[in-house]
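We call the chains A, B, C and D, going by the order they appear; numbering starts again at 1 in every chain.
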Amino acid sequence: MRLKSILNTVGISAAGTLASAMLIGSAMAQTQIDVILPMTGPTAGTGELFKNGVDFAFSEVNDAGGVHGKKIAPRILDDGGTTQGGTDRVRQAISGGAKIILQGGGSAVAAAISADVKRWNERNPDNPVLLIMMGAEAAQLTKKDCHFYAFRTSTNADMRVKALVKALSENNRLGTKVFAINQDYSWGREMDAAVKENAAPFKYQVVGSVLHDVSKIQDFSPYVERIRESGAETVVTGNWARDLLLLMQSVASANLKAKFATVFLDEKGNIASAGKAAIGSYVATPFVAEAGGAEGEVYLKKFNEKTGANPVSAGNNAVMAIRLLSRAIAAVPEKDMLNATAVALALEKTTAPWVHGEVSIRAEDHQLRLPLVVGEVSTEAKFKLDGTDMGLKPVKVLTAAETEVAADGSCQMQRPK
Amino acid sequence: MPPQEQSPRSSARVTVVRILPIALVLGALIGLPRFADMAFLNAMVMVCIAALYAMGYNLLWGQAGLISFGHATYFAFGASCTIMTMAAIEGGSSFPTPLLPLAGGAASFLMGLVAGWFATIRTGVYFAMITVAITELVRAIVQRWDSMFGGEAGITSIRMAWGPIGFQKLLDVYYFTLAWTIIGILLLWFLQRSPLGTVIRGIREQEERVRFLGYDTHALKTLVFAISAGVSGMAGGLLAFTNESTNVALYEGAYSTTVLINTVIGGAGVFLGPVVGATLTTLFGYYVANLTYYWLLYMGLLFMVIVVYAPRGISGLGVDAVRRLRSGAPVRWDLLGRFALGWLVVTIGAIMTIELIGAVVQPSYGALARSSGVAWPPVRVFWVSWSPASPLTLGGIALLFGLGAVLLRDTAGTASRNVSTLADAIAGKPGPGV
Amino acid sequence: MDAFLVALLNGLVYGLLVFMVSAGLTLVFGMMGVLNFAHASFYMLGAYAAFLSGRYVGFWGGLVVATLAVGLVGLFSERLLLRKVRSFGHTQELLLTYGLFFMIEEVVKLLFGPTPVAYRVPDELRFTAFTIGNSQFPFFRLLMGATALVMFFGTFAALRFTRIGLIVRAAVERPQMVSALGHNVPIVFSGLFAVGSALAGLAGAVAGMYYPTSPAMAHELGSIVFVVVVIGGLGSLNGALAASLLIGVMTSFAVGIESTFGDLFRALGLSGLALPGLEAVQFSSIAGVLPYALMLFVLLWRPAGFAGNRA
Amino acid sequence: MTAPASGQGPVLVLENVAKRFGPIEVLAGINLQLNRGEKRALIGPNGAGKSTLFNLVSGRFAPSSGVIRLGERRIDGMPAHQLNRMGLSRSFQITQVFGGMSLYENIYMAVMSRYGKRWSFLRTGRVWRDIAEQTRELIAYAQLTSLADRQASTLAYSEQRALEICMTVATGPDLILLDEPTSGMSRAEAANMVAFIGRMTQGRTLLMVEHDMDVVFGLADTISVLSQGQILATGTPAAIRDDTRVQDAYLGGNVH
């Protein structure tokens, strides 16, 4: 009996060792498109959104026969949501032969990766690498820190705020008193500045602005009292995750009547966690199914079938990025399909279809032009989110031209000769 | 143990026994770039940095008996100051590039003098809490002081050539990092062997006695804290040098946690223990993270197993084993073999369980089930497709755990029995049941 | 005046929440000398347990189930793990709880994913308790505060008026003496650890409906409760209450301060010394780190904490 | 062995020293004087304040009022390391040696401090030869040479106590405080210890707290009796033995 069990164990362990060796071997195999996402760590929730978008978009490309007749199977690398992880993964990707890197997740990691790619390209002009940042919203990435091989397929604070206040003021829902509450780091500060900048054109008064510690505040009630005292009708916030949820909870529980204009409310789990507190809040987002008509419904359904999740928030930016990329690759000759310079030049000219209108890249600073939808959280929405009875009811669809904020000329990129 | 106490012959033998493995490892490290691709070379750079950081950290814990939960501050501050110096070099300063880590080390040393003076007023848990408080306060300031520390986008610079050395290739960076890591470790080694090192160990054992021997222990502990911070800062400086950028995320808790975990896994009680831990966990994180999303869970499990079953860490096990072999007592190979086999079986069972659960709870798994019409679509683990709900799979996992329990019954100790460690098995002590 | 009152009330309720989580920790710390890093993880487990069971047994039932379940988890953690490393000293115990903290978060991520789950205030509890000026004070915030107070008086009474309480108090003061008196200290330890964990579980079940129930929950409250225990003083329930309330009120008021570092430098006549780029930082933006500053101050000025008499 | 520093006047003086813990007055107006070379034992019933007095002198507490002088200098409230550098050394009731080090290293550390080498990173220069020599001489004088390489934690209890006395003497103090040096020892061991302490502290000033009367009468040349926070009597062993007040308060006439 004992001998038998020991033999058994030996067999299993030998198989296990072999299997793990194979596993490692295959992971080291060469791939040419790598996707760096935060699959673990504090921002793993965002990573999941991106992964859904990536999975869906590549299946879309491959189901249609691939690019130049080749199917694309990207490798997903986990950066753990840290800048060090990002830097390590870039080196792993380049070392593994990647020519095109897609990155999803926070601005800090994107900034690190973008700088790494820039330096690599400067030191290895014969072997450049292309980077597409699918979700980083920090302004500098397409301003001072822009470079030729870096593309950004998400919005930034200026665009989000402009879309929010434009849609709300044109529908007479903004009011004249606006309060800005944001996290005290670059993104929050950019939101804060954008709210102040748009005051004159959209005829509102900023009655208060607060920057608070990121992910440290346990109780937002004191801030809610400040909002109440200011008499604000609309509160604009770029907060995400718990800083957003706690803020909305505090406002709802204090029965404050101010409406919320937000950026990240539609990320997974938020509406479910906020519950009734979310009702009446606005969000400017790339996709609201109800606003897309039949096409929106089809996209929603297909996305759901592939990933088991709804296409929300940043997941859609991943789809846009990959649609643009696959078209750009298709536009270059097959021998150049992994030539970063050729693909980058093609990307600058590419447009891709999107549910609410076309998306394209602005050649000047490689910022995405995209339509945005401002939606209101409501129980009357046609498509529900997060397994709740709430969803996004469209207030207004803004075209790419309407959401665009002109480049300020701070991007000075060195173009290849 | 002053050197003159040993007879020349035994000390020569000790030297050979000690020097030989170190020389072999060094040779391997120097020759390594011939066989490594860029990713692996980068991994080894990270290993060096993590090793130096952990060694600096362990000066405080292993030597002075003080556990810091906020060492990231000194690591990060060293990195920040190094990148600022790099930027200055870029701007025309004549600071020699090869000495950059010293800039970080010196800055962190000074900061460590101040922080250490406060922290070492207390010991034990209170010391740990002060280190946490200082870290939080520094983090709060640094995060808001963008003009100085560059905010979360950070500061970037570029390595400037120095004389014939270009520092542009990762290869240069590897040798540079390796050299400084060895210098740092040698420094710590001499410190440990120095009279001061003896006093520091005395403080760990009987602080009051040391005071009554006329030593100002608070001042000494402040110095030790500052040296530890300085070495950590040097490691941070190497990171800044390698990445050519820093940002305020370095000041966050993750970097305090990693170094603690590295030290525990490697073993705080053996001089080079932290190096072992740093090597293992860095490579684990570097490669396994791309294979499974649950690598942090595996890391946590490893940490727990070490804490419970090998309190002196991996290097502690090694040292015990060597001591045991030297003493000439017989090794219980049967026990050891059973033990190893038992752990292997349990590990495989645990990996199977975690990977299967992890795959099944994904929303995309549900979508797959709906689209394929199969209630439990197969999941690939260990390169084999398993049907998660089939009796074969579940029975197999149960069998693994059952087998593991039988094999480890007498060696690992169960809930009701006293702890017995792997070291006991190596040492040939039978478990309570044998 | 209304604003002041509201800020005060908010601060007190938040302080009471912090106290709920710290109560068990301070007892365990006082008696066993272990600063249980995993305590806040038990708080998180409480929220998840209430979320899971609430579907079947309702909100109030969920509170009970969470308390009991987390108490059991605590009991097993003590008996199966903590006890094994006790002979290696407090450092090893601290490391073990540190590992537990790490593990519990990862296991919860494995099972429930990284994003928050839909555990929230039941609709029937969403009503206004009373109104101050323009501000309406919601009932469930009151409920959170009340739970904390019940917890405080209950624990206080149990410690003061029962035989077990006497032993526990004695053990906090002089652990070796109690075992010398023939009491089974290991069983008292296990029991106390289980009760401490159960209190954290209840706190999590109550607070989780207000705070997002996510794997990050433990992390968010974790260090604050250590701060409370250290400031309050070893093993002192009263000290923990005082420290919690102080921290709650202090943070609540700090948020309202609009002055900047620059103002401080100028007020001190040090405007020349003002560090560039730092003077525009508002004090309110660093409200989150005030507790740490307070802890540092207390540790250096009165090392044993508010109510502690043993360093 | 170097001879203790010579000087004039008393080594230790306590003037009107009082110590209160909250409302409780543990010591009330203690006056005490130790002359050079004197060996004084402090005795008294439990709770008389012996430990408190001891801790005041050795710097663990600061007195509530009064003055403590070591030689010419005031030492009340001074931190331990400074006290030691000024020539005061003490042993502990619960043995405090460095268990992880060899006996040699234990004493080496004490001698290092005496030579002022408290911050040394390097071991260069003549002074280190002197330190090693001093250490070996002291170990030889204490007749512990055979144990020099043994790790301290592996020594027998009485050997550890001997080591501690040796360390206490090794910093070259003017005044040695011994806190129950024979506690926990058998009668035979205690007798050996008395001889050992006598040899090690030859020519030095000694203040000790001790319960064992055999030890007290074996080591001390004068005795102070402490009762209820005050010095009841001071004198030679014979005088104390015959003092009826002491017998009433403490000895209960049971002295042989």
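Just so it is clear, contacts are C-beta pairs under 8 Å (C-beta built on N, C-alpha and C of every residue); 3 or more make two chains touch, one makes a residue touch a chain.
Quick caveat, the model's predicted, so the values are computed rather than measured.
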Q.
Measuring between Cα centroids, what's the chain most distant from subunit C?
A. D
**Q.** Cα-centroid distance, subunit A relative to subunit D, in whole angstrom
**A.** 73
Q. When the C-alpha atoms of subunit A and subunit C are each averaged to a single point, how far apart are the two points in Å?
A. 35
(Q) As a quick test, compute the distance in whole Å between the mean CA positions of subunit C and subunit D. (A) 47
Q: Give, as an integer number of Å, the spacing between the C-alpha centres of subunit C and subunit B.
A: 30
(Q) At least two partner chains per residue is the criterion; list those residues in subunit B. (A) 140, 144, 146, 296
**Q.** Sequence positions of subunit D contacting 2 or more other chains
**A.** none
**Q.** Residues of subunit A engaged with two or more neighbouring chains
**A.** 40, 44, 184, 213
Q: Could you list each pair of chains that touch one another?
A: A-B, A-C, B-C, B-D
Q | subunit A to subunit C touching residues, read off their complex | A | 40, 42, 44-45, 47-48, 184, 210-213, 215-219, 221-223, 225-226, 228-229, 241-242, 245-246, 249, 253-255, 267-270, 272-276, 386-388
Q) Which part of subunit B faces subunit C closely enough to touch in the complex? A) 67, 118, 121-122, 124-126, 128-130, 132-134, 136-137, 139-141, 144-148, 257, 260, 264, 294, 296-297, 299-301, 303-304, 307-308, 311, 354, 357-358, 361, 413, 415, 418-419
Q) Within the complex, which stretch of subunit C touches subunit A? A) 3, 6-7, 10-11, 13-14, 17-18, 109, 113-121, 123, 126, 128, 134-138, 140-141, 210-214, 216, 219-221, 224, 248, 251-253, 255-256, 282, 284-289
Q | subunit D-touching residues of subunit B, taken from the complex the two chains share | A | 1-2, 4-5, 190-191, 194-196, 198-199, 201-202, 205-206, 208-217, 220, 223
**Q.** Parts of subunit D lying in touch with subunit B, wherever the complex brings them together
**A.** 58, 79-85, 89-90, 92, 96-102, 104-105, 108-110, 112-114, 117-123, 132, 148-149, 167-168, 171
